[in-house]
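The same chain A turns up in both complexes below, where it pairs with chain B and then with chain C.
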Partner chain A sequence: MYSKWTTRLIIGLTLTFLIGPFFIIILAGLSDGEFMTFPPDGISLRWYAKVFTVESFRDSFKLSMFLAIFGTIAALILGVPAAYAISRYKIPYGETIKTIVAAPIIVPGIIVGLALLRYLVVPLNFTVTLALFMAHTALILPYAVRVVSSSMNNLRSDMEEAAVLLGCSRLGAFTRVVLPNIQSGVLAAFILGFVTSFNQVPVSLFLSGPGVRTLPIDMLSYMEITYDPSVAALSALLALLSVVIVFMAEKFLGFSRYV
Partner chain B sequence: MSDAYVSLKNLTLAYGKTVVVPDLNLDVRKGELIALLGPSGCGKTTAMRSIAGLMAPKSGTISIDGVDITRTPANKRGIGLVFQSYALFPHLSVFENVAFGLRLKKLPKAKIASMVEQGLQTVGLAHLSDRKPEDMSGGQQQRLSLARSLVMEPKVLLLDEPLSNLDARLRLEMRNELQRLQRDTGITMIFVTHDQAEALALADRIVLMKDGIVEQLGTPDELYNAPNSKFAADFFGFENIFEIEGSEIVGRTGRLTVLIDAKEGYLAWRPSAITIGSGPHQGTISSMAFAGELREYIIEAPLGQIKVTTPSSTPPFDIGSPIAFDLAIDKARHLSKNGEET
Partner chain C sequence: MFQNNREGLALALPAAIFTALFFLLPVGFLLSEAFKVDGMWSMQGYFDFAIKPLNQTVFLRTLKLGFLVALTSAIIGYACAFSIVNLEGKSRGRVFGLVVLPLMISPVARTYAWIVILGRTGIVNDAILGLGLSDTPIRILFTETAVFLGLLQLFLPLMIISLVSAMENLPKDVIPAARVLGANWLQVFTKVILPLTKDGLVMGGTLVFTGSLTAYITPAILGGSKVLMLETLLYQRVNVANDFVSAGIIATILIIMSFSANLLLKRIAKARS
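And now, the complex of A and B:
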């Protein structure tokens, strides 16, 4: 076994490796200089303030928010019944279906993005926003199915039968008995889906058009032209947002049970 | 039977191609308490589920009060089912669990409140109405499950091994409670059990099942004292059963000549029907177990092992000592091969 100090060193290095960049970004954003540097060139909050004045950031933030919220809702609308069906009924090839549903996690996003561009946007004249929405829904779906399935597995089917015998329809039993009991799983899936969508780069990379870009893509292209610390400041703000969301999820829902 | 309230006719139940219950016929009278008794896997739960409407029969009909309900959906049958697992709603309070079905009926709020109150009172849970089911003991959960079905005033209440998750003392208590409830409400009840003592104590009539087939149907008295098949006799405590061949009975290790008219079938003795200490046969006591009111002996005889009980108020016999015993014909029950008593 490792000695106490070796263990501490390993943990320390691991944490530095995982969290270190986060601090670098925060500090780089605090710089007073004109360029992104580390260590920062003096200290000021002006780049954090500037983030809010860049119009393209505001637009792409709105688009990213829209995609994260409605993409996740759409994925849940598809995913919750799918998870229910897979865990309740002995569907032929149920396992295969589960694997296929998980495909967007396995297939590199860049391929998904290219495929959507090549076969939906270009030939079928789909708007970029619609293609983005579909892509994000498809990306979140596997998470929705997985997370909701695992909370569904603890739910005995005789509860629904009891509800039916007390007068419920099958659908009524689902909304009155199943949904309230998988509530926290659905919320966990929502948060996971939201964060996944919001941070999504490779798929969205191909699906951008004039004035239609998700926030991460917009940040990339901003950086190609202007290398000032505002992107670092924005990144820090976004990372903070994610941390807050996940922290609250863990605190209120015991999020880590489901993932 | 013309006074049948619940009537099952030629009911065939199957999972896919596996037929579990081949041809079930049963008539239950109004207000009767019927026990469905049988070993594990004989199809008791399956039969209950089909009566409740949770499983469609392959063929045959189910009717209540003369109305064919075979095709009626489960939520329209007016049948209650108390699940072995209780199947309570974990996200609802005790009160809301009981109110669940009443709310679906869209009854006025005040009426629901008073009915729930009444229902909880009946099972002695009125003081716990704000609890969540997970914060209750097994016995309390069981009573809650019962109350939830009772307030719906079902035409028939089915209970699937309602007492099997309880400890021995609570089981006795709940047994009396069930009997009292049934007497007070007059609800027709069918309850499943694999415990013969429970069936004997509770039921008006017992349906003994084996592999999906009714082996015998009768009052507890009839089944206990006059089982008419080897299976039924074995189930109700005739632990010494020997096959008849000619003028002999055949045990595991030997034969014994007996004076009987029958030339085939079985002779069966309860452990208490065999006297020891005197008699024409000889054996050795191989073990003794103290069981409260009784002592249980295993005797090794030329015929094979024989189980005997004596009142524990009489002095015990020593293990290993030779012993005389008497397999008296007049205390045996004769069982014919095809299940009919002769």
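And now, the complex of A and C:
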């Protein structure tokens, strides 16, 4: 085998390339100067503090949170029964249904945003927020179905059959036997859906209007106008938020099994 | 397995109907616009699109960058995956976790860092000026190099993950066996490792390639209007010119490419199981 040092060198270089940039934005956000520079111009927390005072960031953060939370919940409401049906029933046209539900994965987000703007928002008077909500739900749905299906497949179906034989209703068997057993899968699906939705950019490129902007889009337009370190500070905060979420999920759920 | 199929259908249909109505139908309408020129059905839009030099450049550039990113990530990916597989249990899990982690972080944050690194007053230019390699800052941002680096950083983890899982299935003693029998490292790679991990390579390659083709943020932030790729071109055509024919055509190209990649992946997954 090749030597320990070569191994370390290769891994070290790759991780520097993959993770190094995050340390740079964390530090760049700490700058005391008016413009983005690295190494930073003195050290201060002013740009980190400023992030919280920019009103458009606060509004777009709220919208992104709303979409990520409720889009994922809606996807789970649609997706959990679908995953249950796919793994427990022989549904007619099962393959077609699976293909339809999985389709959003292969459609690039920018196209989705444009299509929904042109055919739902303009002619049918959907609000932009509602269209965004629809798009996020449809995009998260395939992940929700996949993750929940895989934890459903690990659960033996004779347990709920036994519950039904012992007099439990079908719904009762689902809520009392199946749901408690797949709850960590559902939680993993929620986290994956939340992160996917929160980080999603292209869908919202066309689906934005006055006062309705998701956080990443707001950051993109902010950095076109100004070159101060607040976007770096905000990026660093978002990266840390993801790290915390993933770390907790891994610790309590063994998240990587589901992804 | 329950036999009441109607019940199963009732549980699965809402999800399918939702996606079909609010997702697939609008996207289908958008794709059909490419065949409508002045209200008439025709292929004229496709011909007009194909002969424009800008469209050709952007199309070829997108393919070229996708290919280069996939190739480079395969080279780095093999070295890195091989090293990761050679690590002991605990540090192996940790390193793998660090490789996967960037995938969960906002791509805007991930791409923004490159502005700090590659910009006029960025780290690279500081180093170049400091070492006296050039008198003026060189332009790296808004070039293909910048887009290439951004895409590579964004998608390399996908290649490493695919290759690590392929190499974990490699029998432990095939490499020492090949060495003992007199193969040099190049032969070990081309005759033993490559054939046994080619599924992982194809899987990682397709993920990286399609990821790069359909990336928006990286070319938008690091390439700008100087280095357009298909997605940024689509955005520009709609925003600047209200040109929905071109938008429909680019959308069709992108969907066909990611659909074929997806088919390929499914076939590999099937062959494996």
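Here, the second predicted complex is superposed on the first by the 252 of 259 C-alpha atoms of A that agree within 3 Å, B and C clash if a C-alpha of one lies under 4 Å from a C-alpha of the other, contacts with A are read in each partner's own complex, and residues count from 1 in each chain.
One rule holds for everything that comes next: a contact is a pair of C-beta atoms (placed from the backbone, for glycine too) under 8 Å apart; a residue touches a chain by one contact, two chains touch by 3 or more.
This is a predicted model, so every value here is computed, not measured.
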item	value
Combined model on chain A where chain B meets chain C, clash or fit	fit
From chain A, separation angle of chain B and chain C (C-alpha centres, steps of 10 degrees)	100
Contacts of A:177 with chain B and chain C, given as first, second, both or neither	first
Touching partner for A:97 - first (chain B), second (chain C), both, neither	second
Partner chain in contact with A:169 - chain B first, chain C second, else both or neither	first
First, second, both or neither for A:5, with chain B first and chain C second	neither
First, second, both or neither for A:156, with chain B first and chain C second	first
Touch count on chain A, higher of chain B and chain C	C
Minimum C-alpha separation between chain B and chain C after superposing on chain A, in Å	8
Residues on chain A engaged by chain C in the complex (per definition of touch)	1-2, 6-8, 10-11, 14-15, 17-19, 21-22, 24-25, 28, 35-38, 78-79, 81-82, 84-86, 88-94, 96-97, 100-101, 103-112, 114-116, 118-120, 134-135, 137-138, 141, 145, 157, 170, 195, 198-199, 201-202, 205-206, 216, 219-220, 223, 231-232, 235-236, 238-239, 242-243, 245-246, 250, 256, 259
Of all residues in chain B, those that touch chain A in their complex	52-54, 74-75, 77, 79-81, 83, 85, 87-91, 100-101, 104-105, 148-149, 152
Chain C residues within the chain A interface of the complex	1-5, 7-9, 11-16, 18-20, 22-27, 29-30, 76, 79-80, 83-84, 86-87, 95, 97-102, 104-110, 112-117, 119, 121-123, 126, 152-153, 156-157, 160, 175-176, 214, 216-217, 220-221, 231, 234-235, 238, 244, 247, 251, 254-255, 258-259, 262
Complex interface listing, chain A residues touching chain B	156, 158-159, 161-169, 172, 176-177, 180-181
